[in-house]
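Two complexes follow with chain A in common, the first pairing it with chain B and the second with chain C.
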Partner chain A sequence: MAERPEDLNLPNAVITRIIKEALPDGVNISKEARSAISRAASVFVLYATSCANNFAMKGKRKTLNASDVLSAMEEMEFQRFVTPLKEALEAYRREQKGKKEASEQKKKDKDKKTDSEEQDKSRDEDNDEDEERLEEEEQNEEEEVDN
Partner chain B sequence: MPSKKKKYNARFPPARIKKIMQTDEEIGKVAAAVPVIISRALELFLESLLKKACQVTQSRNAKTMTTSHLKQCIELEQQFDFLKDLVASVPDMQGDGEDNHMDGDKGARRGRKPGSGGRKNGGMGTKSKDKKLSGTDSEQEDESEDTDTDGEEETSQPPPQASHPSAHFQSPPTPFLPFASTLPLPPAPPGPSAPDEEDEEDYDS
Partner chain C sequence: MADMVVGKDKCGEQRLVSLPLSRIRVIMKSSPEVSSINQEALVLTAKATELFVQYLATYSYRHGSGKEKKALTYSDLSNTAEESETFQFLADILPKKILASKYLKMLKEKREEEEEENNNDETDDDEAES
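Take a look at the complex of A and B:
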């Protein structure tokens, strides 16, 4: 499916929210400036990506990772971002770990449930077999009596 | 006591960020954490840019942040150098004051009154009356050429200055200049008539 050009813009709602948060109460922003901020955000993403990619290439790696981005921030003279970004990374990893553990727990519970169901099923089958055996024995006894 | 501003948890969608990243053809695989970190970096960057641009806006005693304020902020801060191309086409700010933060194209337009038909003197020009008086077709053609050049004169005037938007300048009316006929004159009838009188008859007819 072909990408639409608007897919490469960042969501206006989020940008508006950040603008509202950053500007004091008395200050408004023109439409042109709002649009320029949105474009600046996209340019920042591409610039950071390009710098991070240079670090990955230096390390002879084909995959961009978090440490490349942190190094890129220092090169871009945004050193003060590094600490909050490390915190964000830790939070993300904790979140992922929590999700993973939750999914594993869910899987274990599911396996347990299926095991118990299988046990119940096998128990039921055993009971059925016992009943059938008893019925057969009774029939045999009746036949012997008839004879 | 005024209520505190609500603190939003702004988060850019990592999937969208990844799409933007991969518009660069050199980018191969990207770890899952990277778009999340860039999302957070983007929040910090926008906050920083807006705070600094806001300082510029307030220093100009303006209430609305414009692209000119952003441009000045980007040019002042070395760390925003990568955004210079983005604001290259934005006009620089003029003098101080709140009125100067219009983006250039919305200033008060100076010029003619509505209904003046695009002519300097308003209404019909003097030459349009003269067309009826002129005797031959070729004279009319000459005049139409003159009116064309008239239009060029209008456009070649220097652009109006924004300092006096309400002034209307009227050029003095052009004097009537009779045109010499370009066609060969018919042979003069025999008689003691002066050549000046013939010319006058031409114009009267």
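Take a look at the complex of A and C:
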């Protein structure tokens, strides 16, 4: 999948924004420091993946899951990340659940269309687009996983 | 009603992760032993990478030399990789910078040391024999 070496880089603009948000205002980050942190981040992903994979193998599972990543953080001595990561996971699960409920709700709305719901239509359509995109993404993932 | 609550969440809350998940997945899959990754593991790894970038930057800034100048430099980062045990795994990709002239001098000194050691070994052997 990664055909060119630059495919393993993370986008500089996003990395720079994260660094700037973490440091006090007005700190100058040299160009070299930025690219060094970006490289470090890619290595971190590989290191975390390899640790998480060890936990999956120990559990005789082929697919990396959330608990593998959390165990990897402890193994790598990044215990400080575990609590914020658990919070992020809960938020992510809530978000997924919310999306599912929203689409179920929409099905119901379609069944009993009334004039008063006409106003909400535009907002519903916005949500529709988001969900379609998400579903597409999920399908892509499954295809890639099979390969 | 349910739709409205979700809508509010989307606008009010920040996105969960700002790094692109597709890119993170490419990096994870570049590791040959990994067969598949579920979506939660992917989201968590992306989030962890963000936390890591924040931590590496703030740690290096706090322990670095540029605090008076309000600057974060490469050498602050390579120092972190060298001195902190947690960041040790970065030592290879964040090597200390060194002048070529200094490096050549180091090489020369090392060679001299080795020669001296060899000489010592030889004299030791001589002594042992005699």
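The definition used in the following text is that the second predicted complex is superposed on the first by the 101 of 147 C-alpha atoms of A that agree within 3 Å, B and C clash if a C-alpha of one lies under 4 Å from a C-alpha of the other, contacts with A are read in each partner's own complex, and residues count from 1 in each chain.
FYI, contacts are C-beta pairs under 8 Å (C-beta built on N, C-alpha and C of every residue); 3 or more make two chains touch, one makes a residue touch a chain.
The shown structure was predicted, so the numbers you read here are calculated from the model rather than taken from an experiment.
Taken together through their common chain A, the two structures put chain B and chain C in a clash.
Touching more residues of chain A than its counterpart among chain B and chain C is C. Applying the stated contact rule after C-alpha superposition, one finds that A:Q105 touches chain C and leaves chain B untouched. Clashing C-alpha atoms between chain B and chain C turn up only in stretch 78-86, chosen from 78-86, 114-122, 150-158 or 186-194, once the structures are aligned on chain A.
Once the two complexes are overlaid on chain A, the chain A residues touched by chain B in the first and by chain C in the second are 7-8, 10-11, 14-15, 17-19, 21-24, 26-30, 32-33, 36-37, 39-50, 52-53, 62-66, 68-70, 73, 76-78, 81, 84-85, 88-89, 92-93. Note for the complex: chain A touches chain B at residues 3, 7-8, 10-11, 14-15, 17-30, 32-33, 36-37, 39-50, 52-53, 62-66, 68-70, 73, 76-78, 81, 84-85, 88-89, 92-93, 96. Those residues of chain A lying in contact with chain C across their complex are 1-2, 7-8, 10-11, 14-15, 17-19, 21-24, 26-30, 32-33, 36-37, 39-50, 52-53, 62-66, 68-70, 73, 76-78, 80-81, 84-85, 88-89, 91-93, 95, 98-99, 101-102, 105-106, 120, 123-124, 126-127, 130, 138, 141, 144-145.
Interface of chain B with chain A (complex): residues 5, 7-8, 10-13, 16-17, 19-21, 23-24, 26-34, 36-38, 40-47, 49-51, 53-54, 57-58, 63-67, 69-70, 78-79, 82-83, 86-87, 90, 101, 103.
Touching chain A in their complex are the following residues of chain C: 2-7, 9-10, 13, 16-20, 23-31, 33-41, 43-45, 47-58, 61, 69-74, 76-78, 85-86, 89-90, 93-94.
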